[in-house]
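One chain, chain A, links the two complexes that follow: it is found with chain B in the first and with chain C in the second.
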Partner chain A sequence: MHIPDGFLPLGQAAIYYIITIIALYFALNWAKENLDEKRVPLMAVLAAFIFAIQAMNIPIPWGTSGHMLGAALVAIVFGSPWAAVLVLAVVLTVQGFFFGDGGITALGANITAMGLIAGFTGFGVFKALKNLNRWVAIFIAGWASTFVAAISITLMLAAAGTFPLDMGLIFMGTYHAVIGVAEGLITVVAILAIQNVRPDLLPWNKAKSSPEVEK
Partner chain B sequence: MGIADSIYLIERESMKESILHSLDGRIKLILLTLIIVYAVFSTQIIVLVALEAYLILLIYLSKISFKTAFKRILILLPFSIFIIAFQPFIRPGEVIYILPFGINITYQGLMFAALLFSRIIVTLTSIILLSSISPMQEVVHSFRKLGMPRDFSMILSLMIRFIFLFYDELKKITNAQTSRNFDIFNKKTSYRWRLKQLGFTIMMMFLRSYERGESIYLSMLSRGYSDKSQLYSSLNKKIGKPEYLFVATTLLLVVTLQFLSVFIFPQIGLVGAYIK
Partner chain C sequence: MNDKDKKFVMGGLIVAIIIAILAPFLASANPDGLESAAEKVLLVEEVEPMFEAPLPDYLVPALGESPLGGVISIVLGTIIAFLAMVGLATTARWFKSESNGN
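And then the complex of A and B:
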């Protein structure tokens, strides 16, 4: 669902760039405070990881295929939506500048939708629902991050006058509501598997252990 | 697998030698971005045709494969084509063709579709050219020199070293799965089970990357990395005659096209001039 060049007027593209730059400022600060010196290598390998899993085709019901976004996964595992913003921004920059996937003028819009909005939606939903049931919360977070990101892309295209809102909501909304199910399920399985293999990496387990043990 | 499959292709192309490959990274980045911005700005198809012709000339000069470049553009088109295909039917304007079920094709819609399509082709050609004539590291160093924050450019620089490795690891996992007759699109196994396998693959990738991140950090630390370390580049080139020539021709082209589209094209009523 990457917006290509030419679908957004330059003025609007600039607004999304400004939002992206402000978001990245906060995301970089978050990384500096929470991950120390480790942040550069850690965020880099995670970005490479997201890049790789986005390259995987996943089967979705009704015979089509789509791909993962991974914003909710990163946000939940790191316990912060800023991690998703930073990682997705790097991934989208590489996809845009080296692979032509998503436009250069539209890069700000793509980072705003798939990094900022998807990351915050995923994390927000998880935080709101985690007390009911953690795994259901993760599933809905994964689903919502994809769905809301797709809706925000639709809104951007509608605001640009490129694609009408009603049709956009029907096509993009339905398609990504279905892809979202796969994203949600895979996010649950992946985090469940991490919980079994390296529980120490997950934020809710970190809180229980004392800081000395954690190091 | 799609777009990421071209990573080795890109790297191979960007290692070729030509007059364009040897230009300063910043110049290539700025000028090709300028062409993209101008293509998005312009509303006249004739301007886009001229830009595309210029880019094709550059592809010819850079000795990269036309076939590869064209194929890469094709892979990227589906989403754009989906949006563009609707335009003739949804844009209000002068109806030129009436279809059953109350669907009309408008002139404005058709022109807008043509405009979007031309823009997509020009911008994609430009980005494919950029990635084929500059190694990824060179682009990142150019970003850094042009003022991208240190942390972001370092993450970017490290990340592109790892995408090759991770891509290989993913291939290894999928090859191992294929050799055991696992097919993610095989409907004879339950959907839930297939997604579970995918989840495990992702977990495996995540743990490998996370643990690698920690060990890379330690090995960087043991080689003297600190918070104040800077990105080092051995790619420093001097700006010389070829760079000036490239800047001059590109700027001249853009300025001329803009001059023509403001003063000349509207008066001769050229076909393909889309007016909002």
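And then the complex of A and C:
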């Protein structure tokens, strides 16, 4: 879903860089206050996992493929969408600078869509639905994060005059409605795996863990 | 970091690196959702990237299209992402201890 160079005029690309910098300011403040020692390695493992799984494009119909974003996964595991901003900023920056995946001029827009918007969407949907059923909520949060990020990228490209709004929404919406199913499933599997090996790392198990939480 | 955390990090990294090694063989080579949509509706000319990445498209230029270049690139990227995240998260936490010190 990475926007390449040349799809956004530089003035608009700059706006998304400014949004990214403001989001990173809040995300770093969140990390400063909320990241404890044992969750730094968790965050780094998730960054590594998301980098690798983003390279694993899954085929969908229409000769197209897609990969997961991971923003909903991070936001749910850390109980904060700001964590998703941090992890996706790292992953997308590495992809852009080392591998030419996503344009350098479009990096701000890519972090805005796949980190900030996907993270907040995934987290918001999870929070809204978690009382119905946690795992269904996680699946729908993953699906929605991909779909809404794709719609937001379409709106950016339509504003830039790069995509026509109507056809852009139809193609981007259809493809990512399908890719979102993979995002939802992988998000559920990844969180189930963490739940099995280290339940103490998940926010909903925190209250149940031992009283000596701090050390 | 205690033993449990070390085990978790090692296990997590191993899973990530296995995915990274398999990706060049298993990943679909079809264009992704945005590229596919662009093929159909793009209103502007495509341009060359503004910046020459050292491992463009997750391949080692000297190795051509061989999947080995893909394995090297994606494993390397996975490790760089891990280290960069440790660096950024540790830096953010370091500011906390700074402000607490005063």
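We adopt the following convention: the second predicted complex is superposed on the first by the 192 of 215 C-alpha atoms of A that agree within 3 Å, B and C clash if a C-alpha of one lies under 4 Å from a C-alpha of the other, contacts with A are read in each partner's own complex, and residues count from 1 in each chain.
Note that in this section a residue touches a chain if its C-beta (ideal position, glycine included) is under 8 Å from a C-beta of that chain, and two chains touch if they have at least 3 such contacts.
Just so we're clear, the structure is a prediction, and the values are computed from it rather than from any experiment.
Asks: In the superposed arrangement, does A:L28 touch chain B (first), chain C (second), both or neither?
Replies: both
Asks: Report for A:G66: first if it touches chain B alone, second if chain C alone, otherwise both or neither.
Replies: A:G66 contacts chain C only, not chain B.
Asks: Answer with first, second, both or neither: which of chain B and chain C does A:L192 touch in the superposed model?
Replies: In the superposition, A:L192 contacts chain B only.
Asks: For A:V136, decide between first (touching chain B), second (touching chain C), both and neither.
Replies: Touch status of A:V136: no partner.
Asks: Would you sort A:A182 into first (chain B), second (chain C), both or neither based on which partner it touches?
Replies: In the superposition, A:A182 touches chain B alone.
Asks: Quick one: classify A:I153 as touching chain B (first), chain C (second), both or neither.
Replies: second
Asks: If we overlay the two complexes on their shared chain A, which of chain B and chain C does A:A13 touch? Say first, second, both or neither.
Replies: First partner only, chain B.
Asks: Output check: A:F98 vs chain B and chain C. Expected answer is one of first, second, both, neither. What do you get?
Replies: So A:F98 meets both chain B and chain C here.
Asks: Let me test your reading of the model: by the given contact rule, A:A44 touches which partner, first (chain B), second (chain C), both or neither?
Replies: both
Asks: List the residues of chain A that touch chain B in one complex and chain C in the other.
Replies: 1-2, 4-7, 28, 31-32, 37-38, 40-49, 51-53, 55-59, 65, 67, 86, 90, 93-101, 103-105, 162-164, 167, 197-198, 201
Asks: Going by the contact rule at the top, pick out the chain B residues touching chain A in the complex.
Replies: Per the touch definition, chain B meets chain A at residues 1-6, 10, 33, 36-37, 39-41, 72-73, 76, 79-80, 83, 86, 90, 116, 119-120, 123-124, 127-128, 130-131, 136, 139, 149, 151-152, 154-163, 165-167, 169-170, 174, 184-185, 191-192, 194-196, 198-203, 205-207, 209-210, 212-214, 216-217, 220-221, 225-227.
Asks: Mind listing the chain A positions that touch chain B in their complex?
Replies: Answer in residue numbers: 1-2, 4-10, 13, 24, 28, 31-32, 37-49, 51-59, 61, 65, 67-68, 73, 77, 86, 89-90, 93-101, 103-105, 157, 162-164, 167, 182, 185-190, 192-194, 197-198, 201.
Asks: Which chain C residues qualify as touching chain A in the complex?
Replies: By the definition above, chain C touches chain A via 1-2, 4-5, 8-9, 11-13, 15-17, 19-20, 22-24, 26-34, 36-38, 40-58, 73-74, 76-86, 88-90, 92-93, 95-96, 99.
Asks: Where on chain A is chain C touching in the complex?
Replies: 1-7, 28, 31-33, 35, 37-38, 40-53, 55-60, 62-67, 86-87, 90-91, 93-101, 103-105, 150, 153-154, 161-164, 167-168, 171-172, 175-176, 179, 197-198, 201
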